[in-house]
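The following block contains the structure, expressed as structure tokens.
We call the chains A, B, C and D, going by the order they appear; numbering starts again at 1 in every chain.
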Amino acid sequence: MRYTLGCRLSYEVETETAFIFNLEVARQVRHRALSETLRLSPDLPLRRHEAPETGNRYVAVTVPPGRFSLDYEAAVTLEPHRADPSGIGETPVKDLPLAILPYLLPSRFVSSDRLAPFAQAEFGDAPPGFERVSRICNWIHDHIAYVRGASDEETTADETLLKRAGVCRDFAHLGAAFCRALGIPARFVSCYAYGLVPCDFHAVFEAYLDGRWWLFDATRQANLDGLVRIGVGRDAAEIAFSTPFGEMKPTGMEIRIDRADGTPERGERTTAAISTAEEGPDAGGGLR
Amino acid sequence: MRYTLGCRLSYEVETETAFIFNLEVARQVRHRALSETLRLSPDLPLRRHEAPETGNRYVAVTVPPGRFSLDYEAAVTLEPHRADPSGIGETPVKDLPLAILPYLLPSRFVSSDRLAPFAQAEFGDAPPGFERVSRICNWIHDHIAYVRGASDEETTADETLLKRAGVCRDFAHLGAAFCRALGIPARFVSCYAYGLVPCDFHAVFEAYLDGRWWLFDATRQANLDGLVRIGVGRDAAEIAFSTPFGEMKPTGMEIRIDRADGTPERGERTTAAISTAEEGPDAGGGLR
Amino acid sequence: MRYTLGCRLSYEVETETAFIFNLEVARQVRHRALSETLRLSPDLPLRRHEAPETGNRYVAVTVPPGRFSLDYEAAVTLEPHRADPSGIGETPVKDLPLAILPYLLPSRFVSSDRLAPFAQAEFGDAPPGFERVSRICNWIHDHIAYVRGASDEETTADETLLKRAGVCRDFAHLGAAFCRALGIPARFVSCYAYGLVPCDFHAVFEAYLDGRWWLFDATRQANLDGLVRIGVGRDAAEIAFSTPFGEMKPTGMEIRIDRADGTPERGERTTAAISTAEEGPDAGGGLR
Amino acid sequence: MRYTLGCRLSYEVETETAFIFNLEVARQVRHRALSETLRLSPDLPLRRHEAPETGNRYVAVTVPPGRFSLDYEAAVTLEPHRADPSGIGETPVKDLPLAILPYLLPSRFVSSDRLAPFAQAEFGDAPPGFERVSRICNWIHDHIAYVRGASDEETTADETLLKRAGVCRDFAHLGAAFCRALGIPARFVSCYAYGLVPCDFHAVFEAYLDGRWWLFDATRQANLDGLVRIGVGRDAAEIAFSTPFGEMKPTGMEIRIDRADGTPERGERTTAAISTAEEGPDAGGGLR
């Protein structure tokens, strides 16, 4: 399916501010025919970095005081890999590619070490594989309320569990934390999400099962086969869409994603297992 | 200076256990003429991984129930880069290589976001550069007691600050947290430490200043120019010397490092700034 | 039922230590014919205090270096109030006696403010009154493992929820926290517990329902109608059996409680609602 | 000195709300010739409770949906006890009246157990008595910024230490926590504060030294000899000026305190030690 998407971010910059943005569509084989433009106003020089281990694309720009805005537009054809969930088992830790180790460890907001007893008690006896991660998502959906403003940028997965409320960021952190606590590698994914209302940057998580990264969204707010990936990381800290160093004030933010052919969203969600991560012959399927 | 070093780790394994070890000397230009042997008993097949972004060397082995031991021996010539500390300033965030971003962000044990007000209040007015990081180390040395058993594997930098006690791991986490909170990239380093009494795996931190990673040890227990690097990471989670998945019991641990020519440690510590990190033409000096 | 009970505590005192003990049977109308002796060795002068608002009996003694022991023996006839649980409803906050307010508020280990969303989500729709508190106890019994050593003296109710494990102290804190979070006054009770194996000081909680304090034990380890009360408080901090100020080492602790007529414990537990708290005409039934 | 003071609180009540207020001037010997009026609009029936152990005066009222306001006016002559600070030492724990024990223990927001190592390291060697508590106040004044909005109603003393910012509530919690951690009983005091700009309910703390409760204000924003006491408690939870149970919205709040003779505040602050707590022959001087 081909999508057109983009965002417009505006700021009132008070002191010279170094911004690092991560909002461009990831370059990878399941994102075909990517065309894009990035415009800054004023038109300032920028630096780029594509992290070799993840493919995340960072753009840095130093902005003087005054108004500043960024416009990103892209079109991309997303070709997800689909599979029957029932056949997807767990990869034993001893068979995991070693490059995947960081996604088994606790990180700032994915406090899987603190949540280990809880995960073991709730999900330790569930059938391993896709089914276990589905149960984790169902549990989160049933126990955590989606409430705007329920969390802030320092909220960790264990705090979300206590608060019983959060936003997509928190749902993804908690899902990843339960997985890591059970020996399932999991990572945080930022994306443009077709079907999300109102449209916004979205966050989901991926679990590594049977040699591949599979997408999961415990919020159930978007179509898994309509997620156009931006970045992937241990948690939200690594792939904030905007990391500013300086004094400034956001003054506007618009995000959009549509079908390129203009057809509306179909009424039902996929029940297939969906994977859109990069694959390769040398990295355990899904690792760069 | 040439060193001989190594370790012997023993375990009583109760259920099949997948170990991931990170204890071999890093391969890099300032570690010259590295020769080494790694022996497992029983002699089991192992898998290796060298993380491309850090050079950390991981070894994985799956061990059946019974006794298990690992012997590592190495000889290496360490050639640190030395410089006059007084000339080392801070690199403004806007000029940092983007690949370094992860070391500016909070991580599981380096809670730099929580410690930002404390860091700003104590060190915000200090002279930037090497001097500021030296003051951070002095403060930690003066305010935190080195107490074995004061912390556990879930202890974070903010908890260490409250407990006023910790071990090398905690001193390094706190130092790195203060640095990141002030916009100075910092990372956790594990090493063999010449002069440490009693000998053990040691942990220090590196701060990125003026285009290079410099070593700092707030415990003041070892010589900065005698640290043979094993691994580097966001914090201790990433470079534990042993990460076991299974039921087992450590039954012995010996670590050693000596001068290859047998001369005893000299009486005084270097006052030079010391850097031993990998360097390269394309990554801002110090990044791979 | 008449019980004989007591305890023997021994210490090796290293520096002069001021002990405050709270281990004597509470003096109240449902504890009839209380006879008791308290012996210290060496025989040091002691100070006594009976807190007017709770009836807790504190004994203070200043002990010089050396061996120290305390022997307490008592016999008491316990006459619990029994009622049919099905008729016990909740007292609306607006009708609560104001003296009870402290037991609605969060305290050091009863973090009812942090647990409010969790309590509301799990128990907000349960039938009010005895039934709701029973469900709280069932939930705790089903979700928290009784594990010696799982907690320490700083463990709070929210930490117990995450750790999914604790001892009687933690079960009582969590039960009280859920109650307070729902507007039900609750307090921590220490006692001698007939039927507890092995015998030890026990902790349960009381909830204030329909004008009276009712006993609840989420551990299900003792008979509710065999609990001889020692003290009552906001949480464990207020009624530690021993609060020492000085350097000393506990060297022995024996607790015992038996039926005075020597009959063994009957095989079944009461299903009646049990109350043993003090009552009075002027304090809302159950408040002194 | 005679003061006139009062407050006006307004609410928009959405569902029937049970309010508990603690805002009337404490009745005690150093508050002479107290005259006061309390008016509710609408004129609803109220219940009163004066806590026997503290003298705190609580007023409860159940308010139907609609507008609600409360007006309190009082005049009182405050006669503080003054003393030379240099002669005020510490009461050893072994000589403390036992009724004071709660004020040595950690409470919800006064996390003296967590802060014990910090307190011991910073103030353990200070001269005991008034001087030590003065140093605690100086340290807090120098290290914690007074910032409106820096904390919320769940903020604890250890969090304030990390955030390096707070309001009067947080300054008082931190001061009390350091004292308790050092074996000095301390409690939280709410008051009308002559000289506070802008006028508001104020919070300070009292430390028990040499047989008497002495006032301390680490914010240095008000005159110690112009504090007209409302309530005293373990921490802010116990003596909130308003504890509502129901859905409502505060719509207005005015607090005032003036000299009855109209003379303006004198330019300088007292350097005497000030005590205004209740005294009695039987409770260790200052305990009821």
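Going forward, a contact is a pair of C-beta atoms (placed from the backbone, for glycine too) under 8 Å apart; a residue touches a chain by one contact, two chains touch by 3 or more.
All of these numbers come straight from a predicted model, not from anything done at the bench.
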Open item on the list: Give me the set of chains touching chain B intersected with the set touching chain D.
Closed with: none
TODO: Would you kindly tell me how far, in whole Å, the mean C-alpha position of chain D lies from that of chain C?
DONE: 30
Task: Whole-Å separation of chain centres (CA-atom averages), chain A against chain C - done: 48
Task: Junction residues of chain D, two or more chains touched - done: 114
Open item on the list: Let me make sure I understand the interfaces: which chain pairs count as touching?
Closed with: A-B, A-C, B-D, C-D
Open item on the list: Using the touch definition from the top, list the residues of chain C that touch chain A in their complex.
Closed with: 114-115, 117-118, 120-121, 143, 145, 158, 161-165
TODO: Name, in rising order, each residue of chain D that touches chain C in their complex.
DONE: 16, 18, 20, 47-49, 51-53, 58, 60, 62, 92-94, 97-99, 101-102, 105-108, 111, 113-114, 153-154, 183, 234, 237-238, 243, 245
